[in-house]
Amino acid sequence: MRIRLLPYLFKQALNNILSNRVVHAIGLGTMVVSLLIFGTFLLLFVNLNAWVQGWGHSMSMSVYLNDDISAAQRAEITSFIGNLAEAEIKRFISKDAALRDLRSALGSQAGVLEGLSDNPLPASFEVTFTDMDDRGTDLKGIKQALQDMYGVEEVQYSEEWLHRFEGLMNIIKLVGFVIGGLLCLGILFIVTNTIKLTIYSRKEEIEILKLVGATDWFVKIPYLFEGMIQGILSGVFALVILYFGYFLISTKKMYFLGLAGLDFVFIPYQYTLLIILISVSLGLLGCFIAVGRFFDI
Amino acid sequence: MRIRLLPYLFKQALNNILSNRVVHAIGLGTMVVSLLIFGTFLLLFVNLNAWVQGWGHSMSMSVYLNDDISAAQRAEITSFIGNLAEAEIKRFISKDAALRDLRSALGSQAGVLEGLSDNPLPASFEVTFTDMDDRGTDLKGIKQALQDMYGVEEVQYSEEWLHRFEGLMNIIKLVGFVIGGLLCLGILFIVTNTIKLTIYSRKEEIEILKLVGATDWFVKIPYLFEGMIQGILSGVFALVILYFGYFLISTKKMYFLGLAGLDFVFIPYQYTLLIILISVSLGLLGCFIAVGRFFDI
Amino acid sequence: MIQLFHLFKNFGPSIALGDLNLRVHEGEFVFVTGPSGAGKTTLLRLIFGAEIPTSGHILINGVNLSRISRLKLDLLRRKIGFVFQDFKLLPKKTVFENVALALEVTGEHPSFIRKRTHRTLKLVGLAEKEKAYPLQLSGGEQQRVAIARAIVKDPLILLADEPTGNLDSDLTKDIMILFRSIHLKGTTVVIATHSRELLEDTAQRTVFLHNGRIVGKK
Amino acid sequence: MIQLFHLFKNFGPSIALGDLNLRVHEGEFVFVTGPSGAGKTTLLRLIFGAEIPTSGHILINGVNLSRISRLKLDLLRRKIGFVFQDFKLLPKKTVFENVALALEVTGEHPSFIRKRTHRTLKLVGLAEKEKAYPLQLSGGEQQRVAIARAIVKDPLILLADEPTGNLDSDLTKDIMILFRSIHLKGTTVVIATHSRELLEDTAQRTVFLHNGRIVGKK
């Protein structure tokens, strides 16, 4: 193989694509659709994850304070929570506010609070946690640390809620990975098969080239170029169509679906690169396998 | 076309499949994988829906009763709720039990209940709703009806929770339908394309048949049989593999995934029939389109 | 039987046939000859309806090919045997199946098809190659399969395009005897060839083509 | 140049060549003839390395084909021109591209390729059909493209399998003159044919094959 043949072989690849344009178009279509399915899945998975994550934001922790807490101690607690990357103080609930809240929470049962002379409720900080799952927040540890601080009477969070939330995330992740993994395998299979089929009809061509004295690489390289071009084209087409689809159902339109307030983002750019990379390697791989089959002349 | 040619043409189709077995195998593989992707999606969607639905079971309504309710009135309420298909009385909470519950719920704040002489809390029924979403349960209407009954003091349910739950179901449905719809379209496209490609390499064969004086149907019918056979085979293979996969991840194994208690069911049999039906019609359609292209001799 | 009126056939700018007029009567035996590229193949393909004339008319048995439906054309082709210059055999079918095909498309009875196919293959000397595939045959053997397929159905018209180009002279003589015997049974035969061998020892009517025009008759 | 020792070639049970011994010296001009199915094509394909002998040895320029690597075989083939009985042209490439291909695989310079291809196509009388595709050519024209592709690279050895089966006698003479001129430049030529025309008016060495065995020499 001489390097200066490469441009010639590349031109051959372009010619081949043109002269087999129907077969190539069919193959390209299949690849684009396969990648599109994968891309759509990625897009939705990324967003679904974010939504459910966001939905879990309401996970909060109550830090009840002693009635006799000093300003310094309070400041210390505030700064401790402030230093936790994933935590945020949502609000401070004074003793009075706590009683008001309890009364409204009890609703018709608020009568039980009538006979009180003294307010027995403690003041508290309501702390919310964001992105908990990503950073593997150790809620138990935080609770312990807070409880050991001066001025803290008790720390509470809903373990049941957390459990449920984690269960849900597990289900979604499981489903996501199962579908995602199968999709990956499936698309790998479909795309390589499609390329095999587009090349299969050209068995004779390969045979003739070999009879004219072409070396294996002289025959193979144009096919690999073809696979590469098909891979790039299908990757780009799939992404463009995906972006267009994303654009159509962008955030604004989601109001109509009763999903107001949910941010709908495009897949991160690393993933777009990944899709192109996948499609190109699939193209090359498919050609490589398919062409390899015909080399026993 | 004489009917008695049909067996002959069917035999032709079988012969064709055998003599083009590599191309057919590749095509079959692609179809099986496509259908498998679709089937897996269906399987997971059906189960995910059931899980989230089940997870929503904890939706409950509290029916608070007057202290002076008569046994007859109570029985009437019980039977009213019993007649609601989707509702079920989970438990009856007596006045004492209600106080106990409240005390434990208040935790460290239970001190507020110390000074009580009389138990101000009403007894209540806890009513749970199942399969709410499916039957479009009118919670507001039920609440109203109960509130109008004698002996009922108040009816409460968490509207916020319901809202959230409905939002989640909406998201899952949206994602499900988008992916499902795209998958359907994609697989339709991929399968017909694959069949087109398997037939494309046989352009010459069709030309020769026409030159020997074969009528259009004489040429077409074996291809349609081929498509049908390929459709049936791929549908059956896909289902068998899907069931096998389902069997591997059946309920028992799910304990390991921390998803204990979730029932993992196979897709309903109507759907399996649907998959076969889809694959056969795709096979026929693909052949029909592909063969049609070559009839200008 | 075959009537051609002012037949023109262009492929893009290049003229394959120009103003060709010819009449072949029922039961005639005609040679068409001429140098490479003269238009012999094009002429036969036009008669067969495999090519559409640019202008002019073709009448087969009084039926105008340009006014005929697709289905009628298929049915007409069943009565015409064609030996293609490039054989046009189905590579995925055996020799037997290739020849039987010409009868199968007409819906004949399987036992009849079997008998006739065997007999015809024996006639062209390929009884032993019945189960072989075309690509496993020598050039001459392939050509004889093509001949067998054309004559197996006892056609009304036999069009043979260079039917002996790959055959040695002994076989060529055998095949010509075969054609003559078919002709004697009433088939109209048109053979395109440039083989001196075929043309020399015959007193048959011969049409000379050159650049798509008839330049001589014998 | 070409040495064949006890060459056998079976296809399954059927014997295509049996115990064939032959020597062709450098610069020789040899005809191989015999009836249809005698084994002519098989013999040429064995010499070309397109078929592997069942037993026996083939030496080209002293190199044993059964001991040669795939790459070496590819390189050897570049020095051998082969006119295939069924042409083996690439249908998706033009006449020009088909002929140029034989030079392109060797990595020659584009301008050289262009010039040589033009000249060779002119030699076989196809200068005007350069841009046509094989399926748009008559049988004889296709055969000449195959000849052009075989001779364009000035091969050391020229193997031609029935190279004039689709050509009229004038063209046949032209092509034979072409082959002889190539031969005069030093190429070893082996032609398989059953054309009387070719064999009659020549005093060339001739090998007669029958049922895969040499039954006569001249």
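Couple of notes before you dig in:
The chains carry the letters A, B, C and D, assigned in the order they are written, with residues numbered from 1 in each.
Please note the rule applied: a contact is a pair of C-beta atoms (placed from the backbone, for glycine too) under 8 Å apart; a residue touches a chain by one contact, two chains touch by 3 or more.
Predicted model, so just to flag it, every value in this text is computed and none were measured.
Any chain that touches subunit C and also touches subunit D would be listed here, but there is none. Comparing mean CA positions across the assembly, the chain most remote from subunit D is B.
In this assembly, the C-alpha centroid of subunit A lies 23 Å from the C-alpha centroid of subunit B.
Centres computed as Cα averages put subunit B at a distance of 62 Å from subunit C.
Centroids built from CA atoms put subunit C at 66 Å from subunit A. For subunit D, the set of residues touching two or more other chains is empty. Listed for subunit B are no residues, as none touches two or more other chains. Chain contacts here close into one cycle, and each chain has exactly two touching partners. Pairwise, the chains that make contact are A-B, A-D, B-C, C-D.
On the side of subunit C, the complex with subunit D involves touching residues 11, 33-37, 40-42, 85-86, 136-141, 144, 161-162, 165-171, 194, 196-197.
By the touch criterion given at the top, residues 22-23, 26-27, 29-30, 33-34, 36-37, 40-41, 44, 48, 51-52, 55, 64, 102, 107-109, 111-117, 120-122, 153-154, 156, 164, 167-168, 170-171, 174-175, 178-179, 182-183, 185-186, 189-190, 193-194, 196-198, 200-201, 257-259, 262 of subunit A touch subunit B in their complex. Partner subunit D is touched in their complex by these residues of subunit A: 2, 4-5, 8, 15-16, 19-20, 205, 207-216, 218, 297.
Residues 48, 50, 70-71, 74-78, 80, 82, 84, 88-90, 92-93, 101-102, 104-107, 110, 149 of subunit C are the ones touching subunit B in the complex.
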